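Each in structure tokens, the structures are laid out below.
In the two assemblies presented below, chain A is common to both, partnered first by chain B and then by chain C.
The block that comes next holds the complex of A and B.
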């Protein structure tokens, strides 16, 4: 009962209400019910955060307690997680100290990590060209070169070629990928709403 | 500014610079400084998200507490009950109780995803393949390439039985359509790669620029 029937019924009910509200926005009661269900889902997700956070602390506390390799790194995770959580919980995510936490740690740290991807992406491209020497790899490399060189204002012909590559063949390939992904998402979602697939009971 | 000449904003700038330098130290090798910076980032990010979620939850509970009508209390009480059931997921013997809440969230999420895929992706993308009102020859050729490329790229991922080499040779049209599709996908991935690389380089310049700005402020403070 708790393992299959009720969870599936709950998934079908919430799914049909949200879908109905989205497909028939003119019908006010359904629209209101959709908003309520989505708000409830957000509250439940907030409880899921508690689970995730406690699990993170449990895993790292275990490593600190047993003095596993890298225990000090785990201690830093615990201290920063508890400190940031307490700060944001007390004054909210838009409070002055929360903003300072963002400015001092999160924004520069995430920015620097993303900046590092410039190096890792270049290394990955070089490695790919070494391993994949087929037509696909060559096509990838030539297009990449045209796109990067096309940014220079001194090479107008390459700029025109880069614009055409972006607007025609790349658009076609990306549209094919996006349509394929969207069809996959729609089918999986439909299976959950109809109760044919029950990932919540696994 | 405090008596020592270093205010809160300067401390924020110092921490930001240290974190940036520690992460950039990965370019030399995978070192302890990089891992500590990463640990602070993971902990800080998780704590921030958790704190924000709890702040939102507390606001909701406060609003629920002020409800006097039965309907109002039910509206505020049901998600809290479902949320508490979800917490049983951490106890292996009682974890099936949390499945109801999981089902609720997954159902709502699946409906959003379905509507988003249909109304936000499939329909607009198909409509975008229509011809412009007054097409030139070049526009017609480009539109034909886009349509052919889209279909060929879709064909690469079509749920068909895997052909062995002999069977594929006996169906040359399928073979060539798939090859053509892979070519279009390679071009699309190259464009995405170039975009990601350009963004990462822009961020690298921004971080280096902020480091330079920080040191230009710090040196006069140190009396240099």
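The block that comes next holds the complex of A and C.
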């Protein structure tokens, strides 16, 4: 009852309310009910974040307590999480120390890691033909070179080819992906509304 | 279960009185093989002499019992077909069913047979009990045997064994308990008749007290048989029973145990006791009083019946060769009492049977029996064919005496017969079809195994170990080259002729973006969503700087929001920079903060009335999902807002279709998009942005050169190494 039927009934009812509010936007009660359900969802998600934060502390505290492998890293995670949370609790999310923590630590660190991926991708592209000598590998290398050299001023034709690659083949592929994602989302939503899928009960 | 001898009610084991009529029920006891005392069935040792009542378990090898072969369990339903068909009519007569007394169980029966045997009614005190008949007889035969009425107040004049072979005494119908020390009744006629014939006989009425009733010849025989039988006077006191053993056919003689039973006070039954002196005998329905330990087993005296020897068939004549009494009994039985159809019927093993139709036809003609056409088909189907009767061995062949095992000393035990458990029609299962792939694999293995050992076989070559320094060197050189080129471009060390003019490629969505922002009026509300993290901040800051400069110039109200935790902080940093750059309009920017719930929070935020009054929605996104949420939820509102997507270069190809489908009206992506926005507004590029563009361009060329060189090397020169 409380594990299967009630969650499924709640999911179906919520889905129907939100869907009805979208289909009949002029009907004020249904629109208000939709907004209410969305507001509840935001509160529940926020509470889920709190639970996730506490669970993160519990898992890493267990690793530290049992001296599992990487326990020191877990200890750093606990210290960082608790310190950041305490800092935000004290001065709010837009406080000076909170923004300094973001600007001086997170942004340079993550930016450096992203820059490393550029070097890694370059090395992977260089070695690609060492491990993959098929037509696909060769085609990938050629397309990559055209796009990289498209802005080279001494090779104007490569710029035209690069523009065509971006506008036609890449666009066709991405439209197919977007359509597939949209169909998948619609199908998943329909299954949940009809009660065929119950991800909330797993 | 104990069957009440009075009313026939089945009572649970251990009951002393019938649950229906209150009659005292007989009890089951184990008689000690040493002292003869009766013990409860749960005893292992005798209560009187402490002798072991049941032998110890023996291994399967010692007992000779084969594994996976079960003992045959025969019930009444296992009567041979040829006999069942003939007995059907007689057994089903209402009189026979109503008057059928409980069948006496057999002493010394194996357990599996004893369990199937019904209980014997209790005898009175000091009463000479009726000897259990059918000792050593299979249960299905014992069940078929009719029971004799009780002889009252007379001790059996003729012990069972006297004049009667032991095996027939076992087969003989049992009488209920007689009154103490009374005269034995005269032996009824029909004694010496094989059991399968005796089963046809109806039950005799009980004898009166102090009177030896003369059993008529026809008792125990169907009426139509009784009419044919001559009248036989009742036997006088102690009339010797006719030894029926000599009138037994060979197939029945095989059933007989070798050693006759005997008792102390019953000389004729003594061999029965001597047959298994060390074997405890499970006696069913012996006595209910334990103090009657000196009680003796008395074989029911078989009523003597003499029949003339005339018209006896050959196989019945052979029965009379053992003793004179048996001959007399056989003669009495065969004197006009045996119809012609009975003479022709022989049990299995004595020779091929005549066709049943012929026999029944003759019977119908001679005695007015059932006409030939009246025989139902199912009876005909039960009749065995001649070939089957001639070729099929008897379904059981009782052993003379069991030498080992728990049944040691008992005779007439049906040995395990595997054929009995075999299904009537057995067809071996066809092997499953082997897939073709398995056949080919098996043939390949066979070919490989049969290959001569001298031939060279393919062996996987070991890959040459590559030096770890080689990869590290390539990685280091590539990194240093890229970093050097970027630094050179940033510090303006690259010749301008080589790089060319910093002119970004035109983007189709930039001009609409500039137009939409340019059309904003002062104090118009603009929603700006920051949906990127710290890693993309350097790239996205160029876009936000270009657009925010335009927005601040338009003096619009800006509300920042984010559905990611980092985005909320980044939004605050961006707004702080805008406030510093444009201090006069600092009060027109605000940060709504974090919206938990991804698409749900986006929908909720866009559905609020204040947001619906906004004039423009700008989304700075570094991943496709966040932009998709805003695009989809904005399109579902009652009044969708004009939307400008400012995205990083890596995400642009993924969300480009939204621009093509006009879900996104404005567009700017990456550093090139930021530069294009400045140029679209007719403003010169920021110096920092120009250097970044130069560095980006040089880095792209360097990367292309490295990939080209590496690909060419591994495509041609490095082929050998790669292999």
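General observations
Everything below uses one rule, namely that the second predicted complex is superposed on the first by the 191 of 202 C-alpha atoms of A that agree within 3 Å, B and C clash if a C-alpha of one lies under 4 Å from a C-alpha of the other, contacts with A are read in each partner's own complex, and residues count from 1 in each chain.
Keep in mind that, in the parts below, a contact is a pair of C-beta atoms (placed from the backbone, for glycine too) under 8 Å apart; a residue touches a chain by one contact, two chains touch by 3 or more.
Because the structure is predicted, anything quoted here is derived from the model rather than measured.
Of the two partner chains placed by superposition, chain B and chain C are both touched by A:111. In the superposed model, A:53 lies in contact with chain B only, and not with chain C.
Once the two complexes are overlaid on the shared chain, A:73 sits against chain B while remaining clear of chain C.
By the document's definition of touching, of the two partners only chain C reaches A:153; chain B does not. In the superposition on chain A, no contact is made by A:65 with either chain B or chain C. Measured by the number of chain A residues touched, the leading partner among chain B and chain C is B.
Contacts of A:38 after superposition on the shared chain: both chain B and chain C are touched. Applying the stated contact rule after C-alpha superposition, one finds that A:200 touches chain B and leaves chain C untouched.
Taken together, the two complexes place residues 22, 38-39, 41-42, 45-46, 49, 93, 98, 102-103, 106-107, 109-111, 113-114, 118-119, 122, 125, 141, 144, 148, 151, 166, 170-171, 174-175, 177-178, 181 of chain A in contact with chain B and also with chain C.
Within the complex, the chain B residues that touch chain A are 8, 11-13, 15-17, 19-20, 23-24, 26-27, 35-58, 60, 75, 78-80, 82-84, 86-87, 89-90, 96-97, 99-119, 121-122, 125-126, 128-129, 142, 145-154, 156-157, 181-194, 196-201, 203-204, 206-207, 210. Of all residues in chain A, those touching chain B in their complex are 2-3, 6-19, 22-23, 36-56, 70, 72-74, 76-89, 92-93, 98, 100-119, 121-122, 125, 135-136, 139-141, 143-144, 147-148, 151, 165-183, 185-186, 188-190, 192-193, 198-201. Considering their complex, residues 22, 25, 31, 34-35, 38-39, 41-42, 45-46, 49, 93-94, 98-99, 102-103, 106-107, 109-111, 113-114, 118-119, 122-123, 125-131, 133, 138, 141, 144-145, 148-153, 159, 163, 166, 170-171, 174-175, 177-178, 181 of chain A touch chain C. Interface residues of chain C facing chain A in the complex, by the touch rule stated above, are 474-475, 478-479, 482, 499-501, 505, 533-538, 566, 568-570, 572-573, 576, 591, 593-598, 600-601, 603-604, 607, 628, 636, 638, 653-658, 660, 697, 699-701, 703-704, 706-711, 714-715, 718, 721-722.
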